[in-house]
Each structure stands twice: as structure tokens, then as C-alpha cells.
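Take a look at these structures.
Look for subunit A in each of the two complexes below; its partner is subunit B in the first and subunit C in the second.
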Partner chain A sequence: MEKLKFKMLYSDLKSDLVAIEKELKYALDSRSPLLEEASLHLLLAGGKRIRPVFVLLAAKFGHYSLEQMKNIAVPLELIHMASLVHDDVIDDANVRRGRETVKAQWNNRVAMYTGDFMFARALEYMTKISNQKAHEVLAKCMLDICVGEIIQIEDKKRIDQNFRDYLRRIKRKTALLISTSCQIGAVVAGADSKTVHHLKKFGYFVGMSFQITDDLLDFTATEKQLGKPAGSDLLQGNITLPILCLKEDPSYLRDIINVMEGEMNPKEVKNLIDRIRQSEAITHAKQISNLYLEKALQELEYLPDVPAKASLTEIALYIGKRKF
Partner chain B sequence: MTSRYNLRNGARIMSDQFIIDSIKTFKERCLRLVHHKTLLTYTGQPKLDDVRLFFLLLPFFVNGKWKEGQEEAAQAVALIQSALTAHDDIYEQEEISKDQQLTVLAGDFYSGMYYQLLAKTGDIELIQLLSTGIVSISEKKADFYDRKMLSFDHWMRNLTIIETLSFRQYYEYYGEENLISLMENGLILHVGQKTLNHWNESSLSNWSEIFLHKVHTPASSISSKDLFFQALDKVEKDVQDLISNLNSAPVGAMNFVRNNLLHHYSADIR
Partner chain C sequence: MEKLKFKMLYSDLKSDLVAIEKELKYALDSRSPLLEEASLHLLLAGGKRIRPVFVLLAAKFGHYSLEQMKNIAVPLELIHMASLVHDDVIDDANVRRGRETVKAQWNNRVAMYTGDFMFARALEYMTKISNQKAHEVLAKCMLDICVGEIIQIEDKKRIDQNFRDYLRRIKRKTALLISTSCQIGAVVAGADSKTVHHLKKFGYFVGMSFQITDDLLDFTATEKQLGKPAGSDLLQGNITLPILCLKEDPSYLRDIINVMEGEMNPKEVKNLIDRIRQSEAITHAKQISNLYLEKALQELEYLPDVPAKASLTEIALYIGKRKF
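Coming up: the complex of A and B.
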């Protein structure tokens, strides 16, 4: 239902997104039946396709051409998907989007080759774009994402981290690729530099809000909605915003450390997740997410009045309200 | 990097030391590109072995200089190899270790750096070429896992693509076709020798593991290992012939091939 609502937000783009979806499938054609099956396994599990949506909407601020935008939207989604396949190896995750992960269905090495295949296919697509700036932006973004993941591993179970550490991490983890989607879509469509700048910032703020919401939902949504067990982040030692809000409270600190160290039984874990869900930390985190959304909406005020502006507003507002 | 030719009896001589120093300098430049403190602590330096680097530098040794953008392209291929090799090191574990987690990311980081390097030079055509190559390499690696059994020739064909395709693309892009045979045979000989060393040390690499568990022979009169030795003997002979006939290459470069590739496995390994 939620997914349906999200898709209704960009009904104007419906036919273009159908074309992108078709192209994504086509991009995963391979001479290796194994790679094709493994990549399609993830593609067909669905996803919000927010990166392609932002590419297309940003391009509406310039000279929009679907044929051209396919060559940006497809690689950005493939890069996102490839990083998920590799992340599941890193996190030793068996379930994603309610389905077995590539590493669980096959093995770690097949997951590595599937991710490498998808990354390479993404760049193949991207090279249909001759704009050097677009390549430089994407390359930097890919490296920053990677550095963000390295930091995430370093920060795992590190209870003495602060808000700045967290914000820097989610910027690299999520906000950059969304920001880059907006930026490259607009650059390649030939939007003016001021518009590109504000779209890039819009993407960044929306991305920050999106990730904070994601981190909140890890506690508040159900396993069915999440497609993985609730509290997975904490169990893996990832310290997200709600935990940062709670860690100064002595009644939580010991339990937070214990759960990350795997020293709690399932019933105790459930109790802790329930306590976090009902705590003030969820409200605080929600407020911070909303602050980012407000900043995103402010950026839109600087943009020219084209119909895509209304869609970007609606998507930003949806992200603030989404339930999974 | 500038070349230092000495002329003696009309023959071009680059000293053995010059070749070694050039490889060292090139390696240091590549390592600087991907320097990352955490990765260094947990995964060590990227795997950039001297023989592979030699073949990236061979066009420079033969031509006496780099063509425009060629050094960056050579670095990009070195990074691609490091990235893909890092991911070959990921194996199944009961519980994933920090080293392994960071090895996944090291590979992704080197890949990103190759893209950034070429994006900065604006060589989009080469990015396209090398990316297509990585697709093919990944397909061949997956093919090893997709098949229950495979023939020796099939194993060898896949291995050749996995180990040499990016190099071939780089050679072709810069019009170095006359050096491709030496590069391909040299790299296959090198990987073959490493496979033998692994057998000898009872520490199997991915490809030797695939070889031992999946390669079958059409006739029972010859074992797959013997086929492997025969093939390697032939490759070594080809490399010997190629360096004898390659008049354009400096003496030091050919000495490097002799010293590092020829007669590097002995009968007692068999």
C-alpha cells in the first residue's frame, strides 16, 4: 500500500519509469546464466527506484530526453543495487526485501562477481554520456560511498561516537547518491548552474532525511514491512540516531552494549526494541529528519516553476511520512 | 617517467636496474592513488605483482616513452586487477571477519579509483572498453562456479580472459598489437607458475581449486595435471621464441622476462 502511494506521487513519470525498468532488466542480460539470475533476483525483489525518479525529475529542469536520461538513471540504480549485493556479504545478511540475498542463495563469491558485474554494467551505460563533469561527479560519489562504508565498519559498536559521526556516515551512505542523481540528471539535461546547485542540495537534504527515517523504521516498522527483522541495525552493531539519543541514559546504555555484543536472548532483544520504540528518542530523531526535510523544501523555492517542482515537493513530504 | 636508453652496437639497452626501478616507481604511484589507512591496516597493500606491472610498462619500455594518457591507462588497469583480485579473496566463513568485510570494500574502492582516474583524464572511450572487459571477466569467473565440470581447454580459455583481457584492451587501445602475444603468454605462464607453487605448498588459489575439482580430461591415459604441464611447457616455449624475435624490445626488458618467467618450475614439482 505504502509502495503504491509512493508510486502514485510520480504518476506523470509512469511510462518513463516503465521504460527504465525495462532497460534495467535489459542491462542485466549476461552471457553467464548465473550472473543474470543472481542480478535479476535482486532487481525483481522490487525497490522504490528513488534514484531514477530523482534523475528524471531533475532533468525536467533542463532539456528532458528519456533516451539520454536512461543512460544515467539505469547506472545509478545499478550502482545502488551492486552496493547492496556487496553489503549483504559485509553484513552477512540472509534476507533483503523479503527475499534471500544473493550471498545466501548462492555464496559470497558469486555475490562478489554479481556486484562487480553490475558495477561494470553501470559504467558501460554511463559511458554513453560524454559529459566529463558527470563522470567526475559519479566517480567521486562512488568513492565517497565506499569510504562511508569503511567508516561504518570502523564505527561499528563504537559507543563513544557522536551526532557528527553519524551524520557524516549517512551522508556518504545514502544522501550522496541521491544528491548525485539530482545533480547529474540536471547537468546532463543542460540545466543552468544555479538550478543544478539547488537540486544537488535538495537531493542531499532529502537523502539525509530518508536515511534517518530508514534508521527509525528499523525500530518502529514490522519485520514484514522491513523485509528483515526489526532492530537489525542495532544487532549488527550499527549505531543509528535513536541509539545516539539514548546512549547517555544509563538505563539503556548497558542493554545497548549487551545487545551489540550478542549477549542478549531473543526475548530480551525484543523487550529492548519495544522500549526504544516507545522512547523519546524516536520523536527526537523524527524531528531531526523533519529539519532536513524543511531544508530540502527551502531549496526548492530557488528553482524555476516547472511541474517537476511539485513532484519533488510531494516526494520530499512523502519521505517524511513514510511507514516503511 | 622518462626513459634512459643506452646505445651499444645499435641495440637499445635499458639496464636491468632501470627496468626494476621503473616498476618500483610505477607501483608506488599506484599505491599512492589507493592509499587508505584503514584498508592498509586490515587488508594490506593491493596485490600488484611485479610481473603484471612489467607487462603494463612493456609498451613504455619498447617505445621509450609513454603516449598521451597511457600511463594513467596503465595505472587504471593495475587498479582493476587489484580490485578484481581482492574480490577473489572473499570466501565462505562461519562468521564474517573485519578483514573480509574490508576486503570487499577495498575491491570497491580500487574500482572507484580506476573510474575516477580515467574520468579525470576524460577518456570516456577507455572507461567503456575496460568496463565491458570487467563484465566479461566477471562472466568467466561466474562460469567456473556455474559448471559442475569443465574441460581443460575451457578452463584455460576462461583463465586467459580473466588474467589478460584488461591488458589486451589497453594494448589494443594504444596500438601495441605487436606485443599482445608476449603479454598474453607471459601472464599465462606467470599465473600457471603461481598455480604450481600453490599446489606445491598445498595452498590452493581459486583457479587451482577449480582446476583440481572440476577439470576433467577426455581420455584416461593422461591426467589433467599432465595436460597442465604440457600446456605450460608450450607457453614457456612460445615466450622464449617471442622474446628472441622481438627486436624492438630493450635488452633489460627481455632480461626481466628471462629472469622472472623462464625456467621457474622444475621437474620435481610434477
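Coming up: the complex of A and C.
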């Protein structure tokens, strides 16, 4: 339902998004039934296709060509999906819930190679783009994402981290690829450099707001909405913005450490999550997310008045309001 | 010792290979100490750097520029190393030997992201190459390698596979990247299309011979030489050429299935490996490896007489003779 609402935001892109969806399916065609099954499963599981949407909207600020944009939107979505599969590989939560190990191992293996395949397919699409700048931006972006994934492992359970560590991590995890989607879409469509600059910054700010909201919802949304128990991030040792707001408070610090170390029973965990949900930290994190959103909207003011600008505004506002 | 001999084969490339080694080390520089430790560990563990060697030698058939070739040799070696790390992730043998799971999980996770980082860094190097053909060839090659990895999982323990299945698998696993190294080195150096064609085929045939020998040695070399017990491939369910030669023989078939299913005790395993080692299948596989080698040498006959040609011949002959 929520997804539907989001899709209505860009109804003028509808037929182009259908074409991209078709191309994505085509891109996952391979000579291995197993690979196809695994990657189609992922594709059909859906997703908001935010990156393709940003690519297309950004391109509207230049000379828009669907055929050209396919070769950008498809690889960017593939890279996003690939990074999701790789994030799911060796999912601590899975393992901790004590699933059958051999089966988990096998699935992990397939998941890893499915991700590799998607990366490689993304690369193949990109070869059709002759714009050198687009290649450089994307390669740098992918590198940063990878470094970010390792830093996320290093930062796990590290209670002495600060806001800057967190912001840098979510930049790499989310904001960069959205920013890159806006930038490359505009660059390849031949938008002027000022427009490219502001679209890139818009994508960055929207991405930051988006991830902060995601991290918030991990505490405030229901298990049904999230598809996993509330507080999963914390249980896995991922320290997000609400936790950073609370950890200076001695009445929280010990509990935060205990829950990350797995030293709480389910009832204690539930109590802690409830306390966090009702704390000031949630309001505070929400404010920071809104600040990023405002910065995103400010960037749009520098852009020429084309219909895509209204769509970008709507998307930014939607991201600010979403409940899960 | 063996590695030293191999390195002596291309002494005229020595200083260029030192430069590439330096660049590889530089390429693994990142902002994460963990990532750097993991990837440098892999780099310093060594390797024959066969792919860079082939890149450089192939480039000698055109206008050789070390600076240009760095941007090809480095990413190709990075891709090779990345695929090795990913192959090691969720290593069945490791898990079966019952290593501590949490530690193994953590290492696997880091290994996966280290591989991703190396892929991304490879991509970044490739952006410095403006030759469109090189990008297309490499993207196709990476895709085929990924599909091959999944097919290798699908083909595991599948006793009804034939020689064609095996040959297609080792093509993707090994021959393609070596063939691509030769092809891209020559293409970017501006060698003529006939030369490129024969170098590409040379690399393919050498790669096939190389992998068949590898699969042979898994039975005939000692545990010390291999760094793992002899017969590891079979124990993991990977059906290689010697097994394909033997599986029609009823006196082997049942044992082959039993060992793959883990239904043999260590003594029975040892007996089976000993039997295989002394069987005709080893001689037969060796002959097939030699056939590929001959075909590789034939390709060289079409090439102009530059000093690199003699080096390629020596490498091919070395590969034919290697003991581990």
C-alpha cells in the first residue's frame, strides 16, 4: 500500500519505469537456472526502485533519452540489489536464531555469487555508456560503499563512536548511491554543471535523511512493518543515531552494552526497545532527518523549473513522512 | 623454489613486474585498517602473477607502455584475487573440519567485503583505459566467471555430468581470465587484429591446460605441496577430469559417490585416492592437458617473431611440466 503511494508520486515516469523493470528482468537472464531463480526472487521481491527513479528524474534536466538512461538506471539498481544480497550473506541474526547451518551455508554461497553476478552484469551495462565522468563517479562510489561495509563491521558494538562516525557510515551505506544516481543521470543527459552539482547534493541530502529515517523506524515501526523484530540493528550491534543520542545517559549505557553483548533475555530486550521508542532520542533523530530533508529541498531551489523538479520535491517530502 | 623458477622465465619483465607489484600494494590502500590487513595478507601470500605476466607479454606485440599496462595488469590481478577470496568464503572444507563458527563467520564476512573492495578497485583502474573493446571484453569475462561459479555449485556431486560440462566449467574458472589478459594486453597496446586473435586463443588453451594440471595435481601432489589434503576436490564434491575418466568403471563408481557423500572413513578415503593416483585416468588427463598445450604452442606460430614470443613458449612449457 505504502509502496503503491510512492509509485503514484511519479506517474509521469510510469511507462519508462515499466521499461526499466522489464530490462532488469532481462538483465538477470543467465545460463544457470539456480542463478536465475535466486536473482529473480530478489528482483520480484520488489523495492521502491528509488535509484532508477532518481536517474530518470535527474536526466529530465538534460536531453532525456530512455534508451540511454536504461544503461544507467539498470546497473545502478543492480548494484543496489547486489549490495543487499551481500549484506544478507552471513546474516548474524539468521545464524543466531540457530537456523540449520548447512542449508544456511549453501544459501549464503549462492547469495554471494548472485551478488557477484549482478555486479558483473551492472558493469556490462555500463560499458554501453561512453561518458568517462560517469564511469569514474560510479567506480569511486562503489569503492566507497565497499570501504563503508568493512567500516560498519569494524564499528559494530564500538560504543565510543561519535556522530561523525555514524554520518560517514550512512553516507557510504545509502547516500552515496542515491547521490550518484542523480549525478550520473544528469551528467549523461548533458545537464549543465551547476545543475549536476545541485542534483548530486540533493541526492546526498535525501539519502542521509532516508537512512536516518530507516534507522529510526527500526525502533518505532512494528515487527510486521519491518519484516524483522524491532530493535534488530541494536541487537546486531549496529549503533545508529537514536543510540548515539542515548549513550551519554548512564541509565541507558549499561543496557545498551548488555543488549549488544546478548546478555539480555527477550523480556528485558522488549523493555529496553520500548524505553528507547518513548525517549527524546527518537524526536532528536527525527529532527536531524528533517534537517537533511530541508537541505535537500534547498538544493532544488537552484534548479531550473522543469516538471521533474516537482517530482523530486514530492519524493523528498514522501521520504520525510514515510512510516516504514 | 618452484615459484622462483617460474619467475626466472620472464627475467626481462622483472623491473616491470616489480612496478606492478608496487602498484598492487598501492591499490589496496584504503581507509579501513581491517580491510587493508585482509587484502594485504592476500597480496603478500603471493601467487605467480600469471595474469599480469600475460598482459605485459601480449602488449609486447604492440606499442608497449608500462604506464598503460599497469591499468590493465593491476585490475586483472585484483579480479583474480577477489575471486579467490570469494571462493574461500564459506569454504566447505573449513566448515566440515569444525572450526569455531563465529570466528569463521566473521572472517567470511570480511573476506566477502574484501573481495567486493578488490572488484571495485579493479573497476576504478579500468576507468583509466579508454579502449571500449577492452571494457566489453572484461565485463563479459567477469559475467562468465560468475555464471561459472554458480554452475560449479550446481554441478557439485552431479555424477551424470560429462566431459563437456567439465571443460565448460574450467573454461569459466580459469581459461577465460588468462585468455582475456592476453587479449586486452594486446588490444590496448594496439596489436593488429590477427595477433590479438591468436594471443586470445593461446591464453585460452594455456588456461585450459593449466586448470587440468591443477585438477590432476589435486590427486598426485603431496599434502605439503598442495597446502591441503590430496583429493580435496573430490571430498568437496567437485568432479574433475580424472574422476570423469573413472566413473564409467563400476569398480570406482560406488566409491566415488560414497566419498562425495562423506560416507568413507579416512583410511578408505586414502585408499581410494591412492587407487586413483595409480590409475590410467591420471595418464589420460595428463594427455588431454598436453593436447591443450600443443594447441597453445600452435597459436604462437602465427605470431610475429618478437622476444616476447619466446617467453610465452617458455611459460607454456613450464605449465606443462609443473609438479605443483
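The definition used in the following text is that the second predicted complex is superposed on the first by the 307 of 324 C-alpha atoms of A that agree within 3 Å, B and C clash if a C-alpha of one lies under 4 Å from a C-alpha of the other, contacts with A are read in each partner's own complex, and residues count from 1 in each chain.
To be clear about the criterion, a contact is a pair of C-beta atoms (placed from the backbone, for glycine too) under 8 Å apart; a residue touches a chain by one contact, two chains touch by 3 or more.
These numbers were taken from a predicted model, which means no experiment stands behind them.
Taken together in the superposed arrangement on subunit A, subunit B and subunit C clash. In the superposition on chain A, A:Pro266 contacts neither subunit B nor subunit C.
Once the two complexes are laid over each other on the shared chain, residue contacts for A:Pro250 go to neither subunit B nor subunit C.
Of the two partner chains, neither subunit B nor subunit C is touched by A:Pro307.
In the superposed model, A:Ala139 lies in contact with both subunit B and subunit C. When both complexes are aligned on chain A by C-alpha atoms, subunit A residues 30-35, 86, 89-90, 92, 106, 108-110, 112-114, 116-117, 119-121, 123-124, 126-127, 130, 132, 135-136, 138-140, 142-143, 146-147, 149-150, 153-154 touch subunit B in the first and subunit C in the second.
Residues 30-35, 83, 86, 89-92, 106-110, 112-117, 119-121, 123-124, 126-127, 129-130, 132, 135-136, 138-140, 142-143, 146-147, 149-150, 153-154 of subunit A are the ones touching subunit B in the complex.
Residues of subunit C touching subunit A in their complex: 30-35, 86, 89-90, 92, 95, 101, 105-106, 108-110, 112-114, 116-117, 119-121, 123-124, 126-127, 130, 132, 135-136, 138-140, 142-143, 145-147, 149-151, 153-154.
Across the interface of their complex, subunit A is touched by residues 36, 38-39, 83-84, 87-88, 90-93, 95-96, 98, 101-102, 104-105, 107-109, 111-113, 115-116, 119-120, 122, 124-125, 127-128, 131-132, 134-136, 138-143, 145-146, 206 of subunit B.
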